[in-house]
Amino acid sequence: MSRGQGHPRKPEGTVPASEQAPAAEQASAAKQAPPSEQASAADLRVFAEVPERDVAADLTVPAGTILGLVGPNGVGKSTVLQVISGLLIPAAGEVSVGARILTRVPRDAGARRVFVPPHRRGVSQLLQDPALFPSMTARDNVAFGLRAAGLRKAAARDRASELLADMGIAQLADRKPHQMSGGQQARTAIARAVAAGPDVILLDEPFAAVDAEAVAEFRETVRRALAGHTVVLVSHQAGDLWALCDHIAVMSRGRIAQTGSVDAVLGDPSSQFVRRLLG
Amino acid sequence: MRSSQTYQPGVPAWLIPIAVVAAAVVLLPLVGMLARLPMGQFLSLITSVPSLEALRLSLITASSAAVLCVLLGVPLAVTLVRIEFPGRQLARAFVLLPLVLPPVVGGLALLYTFGRRGVVGAPLSAVGIDIAFSTIAVVLAQIFVSMPFVVITIESALLSMGTKYEIAAASLGASPWRSLLMVTVPSLMPAILSGGILAFARSLGEFGATITFAGSLQGVTRTLPLEIYLQREADPDAAIALSVLLVLIAVVIVASVYRLPARYRGLRP
Amino acid sequence: ADRGSGDSHSALRVFAAASLTATFTELADVYEQENPGTTVELNFAGSSDLVSQIQEGAPADVIATADEPNMTRLTDEDLLAEAPQVFVTNSLTIAVAPGNPLGISGLSDLAAEDITTVVCAVQVPCGTASAQLLDRAGVEVSPVSEENAVTGVLSKVATGQADAGLVYTTDAAAEGSGVQAVDLPESASVLNRYPISALQAAADPEAAAEFVDFILADSARGVFDEAGFGVP
Amino acid sequence: MRSSQTYQPGVPAWLIPIAVVAAAVVLLPLVGMLARLPMGQFLSLITSVPSLEALRLSLITASSAAVLCVLLGVPLAVTLVRIEFPGRQLARAFVLLPLVLPPVVGGLALLYTFGRRGVVGAPLSAVGIDIAFSTIAVVLAQIFVSMPFVVITIESALLSMGTKYEIAAASLGASPWRSLLMVTVPSLMPAILSGGILAFARSLGEFGATITFAGSLQGVTRTLPLEIYLQREADPDAAIALSVLLVLIAVVIVASVYRLPARYRGLRP
Amino acid sequence: MSRGQGHPRKPEGTVPASEQAPAAEQASAAKQAPPSEQASAADLRVFAEVPERDVAADLTVPAGTILGLVGPNGVGKSTVLQVISGLLIPAAGEVSVGARILTRVPRDAGARRVFVPPHRRGVSQLLQDPALFPSMTARDNVAFGLRAAGLRKAAARDRASELLADMGIAQLADRKPHQMSGGQQARTAIARAVAAGPDVILLDEPFAAVDAEAVAEFRETVRRALAGHTVVLVSHQAGDLWALCDHIAVMSRGRIAQTGSVDAVLGDPSSQFVRRLLG
């Protein structure tokens, strides 16, 4: 993927007053959030209680880094991503990117809530079920987010073709999703998720259906595409984590059980899960 | 060499006799009507000036009504399904009512509303706009009786479609209107087509509300069903001939527009 | 013959009961020939529909109904230009299948168990007349259906659904009605009367009055006679 | 603590004014009619014996017709969508025709077929079965006019549903009928409900075909719309009162049956 | 999974005459099929040409063994499974289990075709998109195939509960698919596919969404469930192949490029793909 032309950025616009929490509230909210060692202007902070799913997680992703989120099936990984992207409003919690609050649901039922709808968050998500648009070709699927970010039609289609080529499926650009194999669909979904390149990118098991050889090839491509963005990546494959992530967060029973650099967590695992993950 | 084929899920054999009975209920009466058709005079009966004028008027008004029903009905259905507001359940039921109302009563209701003395008609009349007894009144009557078809068809499609693709669109930064135009509407196309065809067909056959609200003026408001009704008083044979004409026209138009959408079949394989 | 202008100033709008469709269509042609430059736009519907339409402001110049009570609704609201005048009458007859296979000869036959009879409901003009007629004849029938309109009765007999029905003479006489009429001498005692009047709101009151006169004149008589209408 | 909520995809704001206009086209005439309602006599008008008998008859026949339409219409729709046979396109168009036919013409066609001298009616009559002028004729007329609604609604749901789950069922060893009953029908429930409601509503309002084919006799064939027409000749106020009654009944029934199916919303999240 | 009670078998019934090819034809068909070293009564033989997808594959799975089918995305693995299960009728080809012909499409367009519909093949398939029935609970999903095989309702539900417990999701038996996480859905789909236990079981990337720890645990469970059945398993994970398979077939450009025992193929790989697969 050529980085030369840079990613088209969604014009951020001004945040409506209702979304911008007053400074006082924000300060108290910060107390709830876990202290992060190296807080920066655009860190992604999440604190989410979803009691229906036994999830109560908090985590911070330093701006511009890739966090690997791991844990057994049903532990709450997808739930955390949904809260970040605004697809789920937690019973209580807060999501912010730097000073910008995306979700705020105070415990006090009467207190003011903040909720920025998904399409205005500057967050792009690859869902676990990627839901490629069935009536669009692979190219149009990838161009979709680019068009939403304001790119012209021709430019969006050109960029989409490039991304599909990066994913090794240039020749399938004009196919509809149902005319592609499972792995080809997964590749299209990855291209679609990273295409618009917003501040925050969430990827839920993007490589699950991609063959091992291709994953090895892609890791470099994807790493370049994700460089500079704040990313949360869910994966069950240790290889993905080693190759792509800066930090790892291990979930256990709905909580974040352990966080740290890849080396720290994978190198000296204190949880049985991580040991098993590494085989 | 042949090409490969994907397996099409089968249908239990005992379904077919039931389907045949169902089709018979609908088709037998049409056959019964054809049996009474005065073949010899058929052509001369249907090519009289009043018949042709009524036909032209019917086609114009019914297609206008169908298009307007879709343009208005799709937003209404989307709103009723996707926006929560108090009384939504009731609003959905009310939208069905033109279906329940016998058409002549519906025509009276329209007259009470858009007539010169009506709630809406009086102010309009004051500024010189008279709707009743014009071709516009015909279209309005047709929209009134046909709207529920579009709304219900779209509603049920929206419900069975779910929100999966719209959620994916939002998670990619698409605003609601982009999501609607690019994701929702394309998926709704089969339902929009069905709803539009239903509205067109119902409008083509509309009689009671039209004669009551719009009157029966040749070339202005006398559509084919009104012409049939008039002919029935004078010449029942002509009425049958015109009914057969109406049926033929409808079959030709419906069958050509309302194909099994092969290109949509692939949507969710 | 595109009269789709909707401009009531160049045309005369005549609202007429549906049972007048054949006669008024014929007479309108004659009128147009006699008065070059005038076009007659005919609006046919059931009498009560026509009255409702006019009450709601329909642009009509002349109205002719199939009964007097409906016309009275307009008189009551003061919408007529003049007092309505009866121009034809209509009497009842028994409609039976062509050839009269069951040999029905009079009202008393309708009381028979095995004869399926259809009449108009008492709420509509032809039903009122039928009830009066049967009452005076002292015949009690139990109809299988009490129809809203004469056309309903007629089509039930014409399709063989019913063996006999009480209808207007004009309906039974209409070309292609598919029924045969059994003359009822006693029917003259209960006549249905058709009134006509110009409307107050007529665009061209003079032309409207002229058309009413044309219908009332002897020259129109022939057309009505032929259709089976009676002289008031 | 509150519970969590899943995001519901938004709807563009400009859709709402269009939806309001669409709703107004349907609702305003109802308001116009209500405005003419003779409040004082309302109760006495609607509780007369003929009114109540007509109401009872209407409810019985319309619900029977709706149930039969579903029982017959679902197999017909499944057959038309899922089985390939020559002339399928045409068959689909023909099934729509009762919609196009003015109801009175439809009633005539039924007479020609199921009447005493009809193709089907004559042999039946010979063995002593007379359909005409009976309550069965009312239901038959209602089925005739209502069937297309069920067929089209189910067809469009089948098309947008695709065959994914049926294919999965077959790959697990399910026979076509097991697949139909356990997989297809549950997924079709929203559409079956919509179609049934449409058929019920249309049957409730049916007038032209009924009076032409079944006649009008109190307690046997005179449904509420027929009673309304009759009252209209004598007493327009009574007709309005009865129409309002019809509307109220329909709203109550439809709103209670035709809820937004929360349990179906989860079907394809 | 307790083997004591055995798998409910679908009563095989008699094969309709039209499905049973005459002996002469069968003999000539056998010439087309690849020769198998140790042909047994119930070997699964596949030969399928699907030119639209550039697939022309033939392979034999000895009765009662597990074959791992591997290859890059889009090579035709799912296509081969679809031909076996009858979801795809190839342009030319033949599928048979022992003497029973399930699909036969001769090259000669006029010759007689044989096609047994999917539900009468005695083949159960886990599709790549598992398509859990949305209106049924997890338990009813698993019970579905058992009921189709003729089990009584109560017995099918009991067996389904057992299978869900084997997959570690006993507590989710009453959930609908959309109330489960991706991995929980995948586990339900595995249970559903192996439940009825027909002669032939096809699994298309069954573990893609299952967490690494669980996969390690399941392998033994699944191995036991599959024992005695003829199985084709598609997977991109070398671990699955080592643990579960008897033989491996490597696909390349729509063809079977290499077959052999697990040790032979994975131990001495001649294709670049296998080398990459092993990392």
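By written order: A, B, C, D and E. Residues from 1 in each chain.
Quick note on the criterion: contacts are C-beta pairs under 8 Å (C-beta built on N, C-alpha and C of every residue); 3 or more make two chains touch, one makes a residue touch a chain.
The shown structure was predicted, so the numbers you read here are calculated from the model rather than taken from an experiment.
K.L.:
Touching both subunit B and subunit D: give me those chains, sorted by label.
P.N.:
A, C, E
K.L.:
Counting only C-alpha atoms to place each centre, which chain is farthest from subunit E?
P.N.:
Most distant chain from subunit E: C.
K.L.:
For which pair of chains is the number of C-beta contacts greatest?
P.N.:
Contact tally peaks for the chain pair B-D.
K.L.:
Using mean CA coordinates as chain centres, what's the subunit A-subunit E distance in Å?
P.N.:
Centre-to-centre distance between subunit A and subunit E: 34 Å.
K.L.:
Go ahead and note the Å separation of the Cα centroids belonging to subunit A and subunit C.
P.N.:
Centres of subunit A and subunit C (C-alpha means) sit 78 Å apart.
K.L.:
Centroid from C-alpha atoms only, then distance subunit A to subunit D, rounded to Å. What do you get?
P.N.:
48
K.L.:
Which subunit D residues touch at least two other chains?
P.N.:
Only 7, 10, 108, 111-112, 164, 167, 169-170, 175-176, 179, 187, 229, 232, 267-269 qualify.
K.L.:
Hey, what residues on subunit C touch two or more of the other chains?
P.N.:
52, 155
K.L.:
Send over the residues of subunit E in touch with two or more other chains.
P.N.:
Residues 86-87, 117-118, 129.
K.L.:
Of all possible chain pairs, which ones touch?
P.N.:
Contact pairs between chains: A-B, A-D, A-E, B-C, B-D, B-E, C-D, D-E.
K.L.:
Which residues of subunit D touch subunit A in their complex?
P.N.:
1-7, 10
K.L.:
Within the complex, which stretch of subunit A touches subunit D?
P.N.:
49-53, 82, 86-92, 105, 107, 109, 117-118
K.L.:
In the complex formed with subunit D, which residues of subunit B make contact?
P.N.:
So the residues of subunit B in touch with subunit D come to 7-12, 14-16, 18-19, 21-23, 25-33, 35-36, 71-73, 75-76, 78-84, 88-106, 108-110, 112-114, 118-120, 140, 143-144, 147-149, 151-153, 155-157, 159-164, 166-167, 169-170, 175-177, 179-180, 187, 190-191, 194-195, 197-198, 201-202, 204-208, 225, 228-229, 232, 239-240, 243, 246-247, 250-251, 254-255, 258-261, 264-265, 267-269.
K.L.:
Could you list, by residue number, the parts of subunit B that touch subunit C in their complex?
P.N.:
49, 53, 104, 108, 111-112, 115-118, 121, 125, 130, 132-135, 211-212, 215-220, 229-230, 232-237
K.L.:
For subunit D, which residues count as touching subunit E in their complex?
P.N.:
Answer in residue numbers: 164-165, 167-176, 178-179, 182-183, 186-187, 189, 266-269.
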